[in-house]
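Just passing along the structure, written as structure tokens.
Which chain is which? They are A, B and C, in the order written, and residues in each are numbered from 1.
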């Protein structure tokens, strides 16, 4: 059984490598440059190396690692096709993020050592979130960015892990009220940053973690109803005060085709890109979705479906689902409430974010400012997503260690 | 390359890529499924996986499996369901320190005849009294809690100890440090596990499969008689 | 931990459910609305791809070429200006000024976007441009031109002629129209909106033609209504206004049949009050008012039934086709065709055939039932009433001796307009000439005076063309 298992795992890695190679060969045919050749050599090789080497060194989840690497490589491919510089940047970001992922993994595995720092850590999270409100730049109607020299960071992305860890710790000690307070502070700071999409995401994750830890369905429903109520009421109020871009977003959601030159432009271009692509797409490098706004970050999904096809789009959503289910599996196998909660928080972060971003792209829900994890362009976004995966891998590592101990204990009892 | 020719080639590739994508998805789902099946098979061979021992009801002799973390309560969702326990009693294994017991003051639970307070720990053999229940902890060998050495008691001579076994005085030396089973040591013993993500292989479960592992916790049989 | 795990499982279901919802929503959206999006004005892809393929020709039902591409790649239309102008809202123009005309709505076929990959490669290798499919529409160019002739000159409005058995549209005209070969600056900025297709996208209260729906509701919900005698005192008093009949006529004691043929507002207002909003609304829904139309061949605006809290006054005025009702001439024609077709409403169709360059048929007409608002008996009764309206009622000017014509006139008052809109719906009750029509003329006077004669001329044209 294990040999077959090993072979099928290997065939997944091999097939993905083949996919990446095919894509780069195609891009090479489009434009024969040294850069393309280098990408063709390095990216598939890098993928293969990372996906087979790491599971040998650390006892982490191979499937999760492979799929996440795959998605990051798809991101590199698509961004390279859009603009070679983006592709190269994303590749470098990926390497940096991968290191960060390994650090997070180790951090979680040896979390006991960090137990002392929990209060400073919490304070740091709040401080980091406060910074953009006080000294941030305003981009796209949201005041969510900090510039340090040449780089701009989005602190709300980085603090995602913080939110999960702090809440996980508090909830595992059953300090529900403290957890609610902390989450409320984070949420408030996000709203002050006017970053609605990330606020929704944070809210969903915090609510799920609290629901899971209390097991109380009424709590959950109260949270959902409260949120919908606040959104509806808040929207009516804020519309008058002057959150102008909110009402534009809602108009764009409800009647994009009537306003397709103005508010609805992004939505309409996204939908058209998807429809123009058809089932199989127009072909990598031969698409026509060059006028979708923000196509390298928020609207990268329609761009991809335009070139790769709707079948690809559906498969991509299913791959994210597999990643989510894997994360949940890790949460279910955890033996301690803390680990289970942080694994759950991380999985929900990924799963719900995918729902929000693609939902916005196909006009199921209004467009928000979140990005597609692993694929969207952006150092901070990629970094935070990989850190989240690092946390998941860390929990899985703990799970396997404990399982090994259990086996040892059972073995002992024989004697 | 001319855009039109490239377009044709790209259109040819798209079918190839779509096929690959579906294959990738299929393989991923199959991996997911297979690993889950392996995990379930492992659990079947290691029925105590995740458990650290038992909680024995001294009145009825019934024993409840004890996970690492959970709570005792009256509802269906409780890890250990005892009717009549109105407020949940939370227990959590803290390595090298014991099982932390937390309960609401209103329940008036006692651990080893002391009321449950801020830092109440239970060990192997500890008594738990709550409501109409009298329970005793029975932990598996290898669970990293301090052991209680029945002979190192102040002010009680050996004879007294054997007459009244339940008056054993507990102190907290850390047996773990005596070169026994630390987490890392155990992990090294299983270095082979790191090479594969196949759980079965790592545990040399084939050996275990042939024997039927005893699920008896280590401890005295007298405990079931009730004290 | 047990509780934790149980709850986690519920969370899994929720989020996986959300993700699957994405797939389902995407699939449904694209299948139902994909073509519409593809051919909308916002899609610049069409404009780009149009250079890579030679669009096929658009023909009318008799094979007359309405649009084609000449050797230089330029799009040309019918040589006769009258035919061009009459068909422009169906065919479309070169720059997609007419939204959803066949030039763009059927671009899928015309530009060969559905050609198999192999064929495209072969064409590319041979260095030729791909030739799209030819599209045969169900409209008749000559009939359309003749109808445009009899429509009151200089007036705004629409005419729809439909085959009520199959749903084929024989003529779809909107006025004012324009010549696609001569689009001037004045036309582009004309406040009368010549580009706008009034037949399918202009929503308005249809006036007394709506009494067909009220009648249907009465027949279904009021037992013995045909035998009943109604009293028309010439007026219904509401607090804020009065409902009167045209020309202050008082009909006295009257049967349902006579009330219909004379188009008695008082009787129908009272009928609406007696039926109640719920029943009337239900019948309206059965006729498709309030539905979201997603037809395969054309885009029709959705009709709506008034939504706000209903006072008696509003209810009575709805019963005679006023108040906040909003229907398109296309929809009124569909209602007439339902009555003609034994109660079965067919989906309007424009595409007869799409044929590729080798003559292979790529798409065919598929008649499709949209709704079944009436039973055969009810349809027979209503068509009998409508016959009476033509023989001796308000629709006499639409009569063509020797043929069995049924119809209903309507005069709709519109705020801000000096004159009423004139409406007429009707059909020819013959197996061999199965056509239903709707005529709407804006701001011109009474339905019986203006719309009915136009309808009569149209019926004559239809008899001659067979």
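Everything that follows uses one rule, which is that contacts are C-beta pairs under 8 Å (C-beta built on N, C-alpha and C of every residue); 3 or more make two chains touch, one makes a residue touch a chain.
The structure presented is a predicted model; accordingly, all values stated were derived computationally and were not measured.
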item: Chain whose average C-alpha position is farthest from chain B's own; value: C
item: Highest C-beta pair count, chain pair; value: A-B
item: Most central chain, judged by mean C-alpha position against the global CA mean; value: A
item: Centre distance in Å when chain A and chain B are each reduced to the mean of their C-alpha atoms; value: 32
item: Distance between chain centroids, defined by C-alpha means - chain B, chain C (Å); value: 71
item: Rounded Å distance, chain A centre to chain C centre (Cα mean); value: 48
item: Multi-partner residues of chain B (at least 2 other chains); value: 11-12, 67-69, 77
item: Chain A residues counted as touching two or more neighbouring chains; value: 215, 318, 325, 335, 337
item: In chain C, residues with contacts to at least two other chains; value: 1, 3, 6
item: In the complex with chain B, residue positions of chain A that touch it; value: 1-2, 5-6, 8-9, 11-12, 15-16, 18-19, 22-23, 26, 29-31, 55-63, 66-67, 70, 174, 215, 280-286, 307-309, 311-312, 315, 318-319, 322, 325-326, 329, 333, 335-337, 400-414
item: Chain B to chain C touching residues, read off their complex; value: 4-5, 8, 11-12, 67-70, 77-79
item: In the complex with chain C, residue positions of chain A that touch it; value: 208, 211-213, 215, 257, 260-261, 268-269, 271-272, 274-276, 288, 291, 310, 313-314, 317-318, 320-321, 324-325, 328, 331-332, 335, 337, 340-341, 344, 348, 351-352, 354-355, 358-359, 362-364
item: Chain C to chain A touching residues, read off their complex; value: 1, 3-9, 11-12, 15-16, 18-23, 25-27, 29-30, 34, 37-38, 40-45, 48
item: Interfacial residue positions of chain B with respect to chain A in the complex; value: 1, 3, 6-7, 9-18, 20-25, 27-32, 34-36, 38-39, 42, 46, 48-50, 67-69, 77, 90, 92, 102, 140-143, 181, 183, 186-187, 189-190, 193-205, 207-208, 211, 213-214, 216, 218
